[in-house]
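Next come two complexes built around subunit A: one with subunit B, the other with subunit C.
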Partner chain A sequence: MVKEIQNKANEILQNTFASERKFSLDKVGEPILWANGPKDALHLIKKFQDHIDLKIDFLSDLTAYDNTDKKDGEGRFVVVIQLLSMQTFIRIRLKVLLKANEEMETLTNIWPAANWLEREVFDMYGIIFAGHPNLKRILMDERFHGHPLRKEYPYKQREPFSDNTKINLSNSTRGSSSHE
Partner chain B sequence: MNNLNDNFPSDYVDLTDKIDQTKQGNDFYNPNVLINLGPSHPAMHGTLRVMCRVNGETIEDAKCEIGYLHRAIEKLGEVKTYHQWIVYTDRLNYCSALNNNVAYVMAVENVMNITVTERCMWIRVICMELARIIDHIICVAINALDMGAMTVFWLFYHWREEAYTMIESMCGMRLTTSYARIGGMMYDFPDDLIPRLKKFVENFPKAIDEIEGLLTSNRIWIDRTKGVGKLSAAEAIKYGLTGPCLRASGVNVDLRRDRPYYTYSELDFDVVVASGGDVYDRYLVRMEEIRQSVRILKQCILRLPNGPLWVDDKRVRIPDKIDVYTKMEVLIHHFKIFMEGINVPPGEAYTCVEGPNGELGFYIVSRGGPKAWRMRVKSPSFMLFQHFEKSILKEKIPDAVSILGSVNVIAGELDR
Partner chain C sequence: MSKDGSSMVYPTLLNHAAKWARKNSLWPMPYGTSCCGIELMSTLSSTYDLARFGAEVVRFSPRQCDMLIVAGTITTKMGPVLRTIYDQMLEPKWVIAMGACSSSGGIFDTYSVLQGIDEIMPVDVYVPGCPPIPEGLIHAILHLQKVIDQGLPRNTAEKPSYDEAINAMTYKKYVGPKSQYVVTESGVLPNR
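Now for the complex of A and B:
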């Protein structure tokens, strides 16, 4: 039954949104829609939320991957947004191709869940999310240099911190402590 | 003094004189005490760190810091072959390693368009439900232990050990199982497993009754958990929570029923939903989910079919050892699978299962070859812990500990 609903949603996507965008199905028949840039991605998400048959209301995952081999077109990174509907249980994968220094729009205004996910993408790939309330590293240390999931980052690279390296806590402390 | 003030914003008020007066002796009435919980604190499960600003005992501001258990598992997914990476899935949510193994191999099989055999599907469902029982046992038992109820812990852990002994007989490991293989399982069930599992599903519900008798209507337990960490359905969806925490808030969602995989569509079970969204409701949901898992296991025992365990696909089939030692072609094939890896065609898929803590997903982008181009682990704990720093505001510190126990954040899965 879910398969039928998903297939219907795929048709809707293809007929309504795919005319000037790339559209394909993945190996399990879930739709992949390529947005024309970050602004278009936000626009599409709004459309999906209001659409009577899609009813997208849940951000399942937000991630990215490196496109150094240019197999997905001229662009450095691909941001992947996994959307789910908690009412119809259809999935939509929205992809945005970014140039090397292009900024992505934040989704935190739509889903607060995007906050940490975007921080992780920033941490791992160095993609800037415009409008993000607190864009800093999350898994790696504040003192770390480089973005480890980029393909040019060697996986055996070590980056030891000396104990004397100052941690910049100016953004993470709050209240009275910053005036001491 | 003027020079010093230049460094501060214009609206900064110099309180030096006032502070000096209150600092006669110790300032016991400071409403802005900073407290650091973790990363190595007995009440923080694993290496979690929460920094709180407390006024008296009330947390007024909190921030979580993660990454203390970051082991670059996603980067390793791009460096190791698909087969080699199975062992890393054990180290995600180490309380339910079987569940991660199965979810991962399912993701690879989806990219390769492989459908596993009937018997393999049923074995995997048994594995996943056993893992769910263990994970919920740990969550409830530790949550109660954090609040001082030691007996629950002992009663429950007896059954957890029993389950681990069964898992040990399946694959030789208790915690880091690595039981699943792409296209099949490491071994078939041993002969005595089904009788043992039968005994387990017969006797274990008695222990659940006993524990519910200890906790569900216990005045102290109710006082400590009811109304603590309340979470509305709309907020839970906005923050991307999944699993028992989402269902405790009243959202009727379970991927086993709503996007069924393997044989879940043929199985008879109820999706457990509560309405309050507090620690007490999460406890109730977990207890009932354990019962439902036992119910699923009972059906699986009756319906487990005979037949081949491995899919008949040359690309992934790991040859039997006896043939490896006696036939040259098979030896070469064996060597190729382990030294070169399995060749996965280009393509991508996002596969997720209803893990014990929520939606556990693997997003694999393959550009061909034996290694993934991108291996993404969507872990439920990441979302749960993100919301945790919001949920403890205006709560007391001991309540923060009970909320943390109830969301069951596993550091291995959180930091990856």
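Now for the complex of A and C:
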């Protein structure tokens, strides 16, 4: 039943939105729609929400990947937005190709849940989300400089801070070091 | 007091009595961040029963414990927190690094994980394993009791100055940590 609804939604997407956008299906028959830039992604989401058959109302996930090998075209990052309808159980995967310093539009005005997800993407890839209310690191240390999931980042490279560099061990009896 | 009511005197030196008391009442401070924490709980519960060795009174306040058991991966962001707990513990204090992650970083040789807690604090006993079985932790505690019994001097990190204590982010000096003793089959020997 859900499969049939999904197939019907795929047809709607193909007919309504895929005329000037890339559209494909993945191995399990879920649709991948490529938005033409950040503004278009926001426009598409609003369309999905208002659409009588799609009724998209839930942000399932928001993540990104590094497109260094240019497999998905001329662009540095791909932001992946997983959408779900809690009424029709339709899933849509929206992808946005971004240039190296291009800013993504925030989704926090539509779904407050996007707040932390966007912070994580910013932390790991350095993608700026325009209009985000609190765009700062969520997982890494606040003093960290790099963006570790970028492909050029050496994955073993730790940034030395004064408190995670090695401590001073002394054999002196300063304080009460001996337990005699 | 003996059974018949007559008084009984056990002559000893005060530091021997203190050592005896310390080694048999090692109150642990658990710092479990991952799967090693589960094994730590298992060790403390009734099947393995750490109370047999006097180390069952888990204190969740660093002011009341003697032995910090670090069980799990410590990230660089968590490092200052752990170090603060260590600094808040009262002397005498001992540290057990339980499991591969807290001993050496384990499989997490990445941008965000401390490669062993000995980067930020002196460690007395390392317990290998991923995670170690409860017998491993009990073994470590028994070895720690031997260490305490012999009264071996312990590497301690220098106490922070007032300014350093205010700003816990300032442990700048570095001298490579080297344990002063090694625990072998035949007992505890100085590390040469």
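Keep in mind that, in the parts below, the second predicted complex is superposed on the first by the 162 of 180 C-alpha atoms of A that agree within 3 Å, B and C clash if a C-alpha of one lies under 4 Å from a C-alpha of the other, contacts with A are read in each partner's own complex, and residues count from 1 in each chain.
Everything below uses one rule, namely that a contact is a pair of C-beta atoms (placed from the backbone, for glycine too) under 8 Å apart; a residue touches a chain by one contact, two chains touch by 3 or more.
Note that the structure is predicted; figures quoted are calculated from it, not measured.
**Student:** Once the two complexes are aligned on chain A, which partner has more residues of subunit A within touching range, subunit B or subunit C?
**Tutor:** B
**Student:** Let me test your reading of the model: by the given contact rule, A:Phe58 touches which partner, first (subunit B), second (subunit C), both or neither?
**Tutor:** first
**Student:** Does subunit B (first) or subunit C (second) touch A:Lys70, or do both, or does neither?
**Tutor:** neither
**Student:** In the superposed arrangement, which partner chain does A:His145 touch: subunit B (first), subunit C (second), both, or neither?
**Tutor:** In the superposition, A:His145 contacts neither subunit B nor subunit C.
**Student:** Applying the document's definition of touch, where does A:Tyr155 land relative to subunit B and subunit C: first, second, both, or neither?
**Tutor:** After superposition on chain A, A:Tyr155 lies in contact with both partners, subunit B and subunit C.
**Student:** Applying the document's definition of touch, where does A:Arg93 land relative to subunit B and subunit C: first, second, both, or neither?
**Tutor:** A:Arg93: touches subunit B, not subunit C.
**Student:** Which subunit A residues are contacted by subunit C in one complex and by subunit B in the other?
**Tutor:** Touching subunit B in the first complex and subunit C in the second, residues 139-141, 148, 155, 174-177, 179 of subunit A appear in both lists.
**Student:** Can you list the subunit A residues touching subunit B in their complex?
**Tutor:** 2, 26-28, 30, 32, 57-61, 63, 65-66, 69, 71, 80, 82, 86, 89, 91, 93, 111-113, 115-117, 120, 124, 137-141, 148-149, 155, 172, 174-177, 179
**Student:** Within the complex, which stretch of subunit C touches subunit A?
**Tutor:** Those in contact with subunit A are residues 15, 19, 22, 76-77, 79-80, 83, 91-92, 109-112, 114, 119-122, 148, 151-159, 168-178, 180.
**Student:** Can you tell me which positions in subunit A touch subunit C when the two form their complex?
**Tutor:** Going through subunit A, the ones touching subunit C are 139-141, 146, 148, 153-159, 161-171, 174-180.
**Student:** List the residues on subunit B that touch subunit A in their complex, please.
**Tutor:** Going through subunit B, the ones touching subunit A are 8, 12, 32, 34, 51, 53, 61, 63, 65-67, 70, 72, 74-76, 78-79, 110-111, 113, 237-240, 251, 253, 258-260, 347-352, 359, 361, 363, 365, 367, 373-374, 376, 378, 382-383, 386, 415-416.
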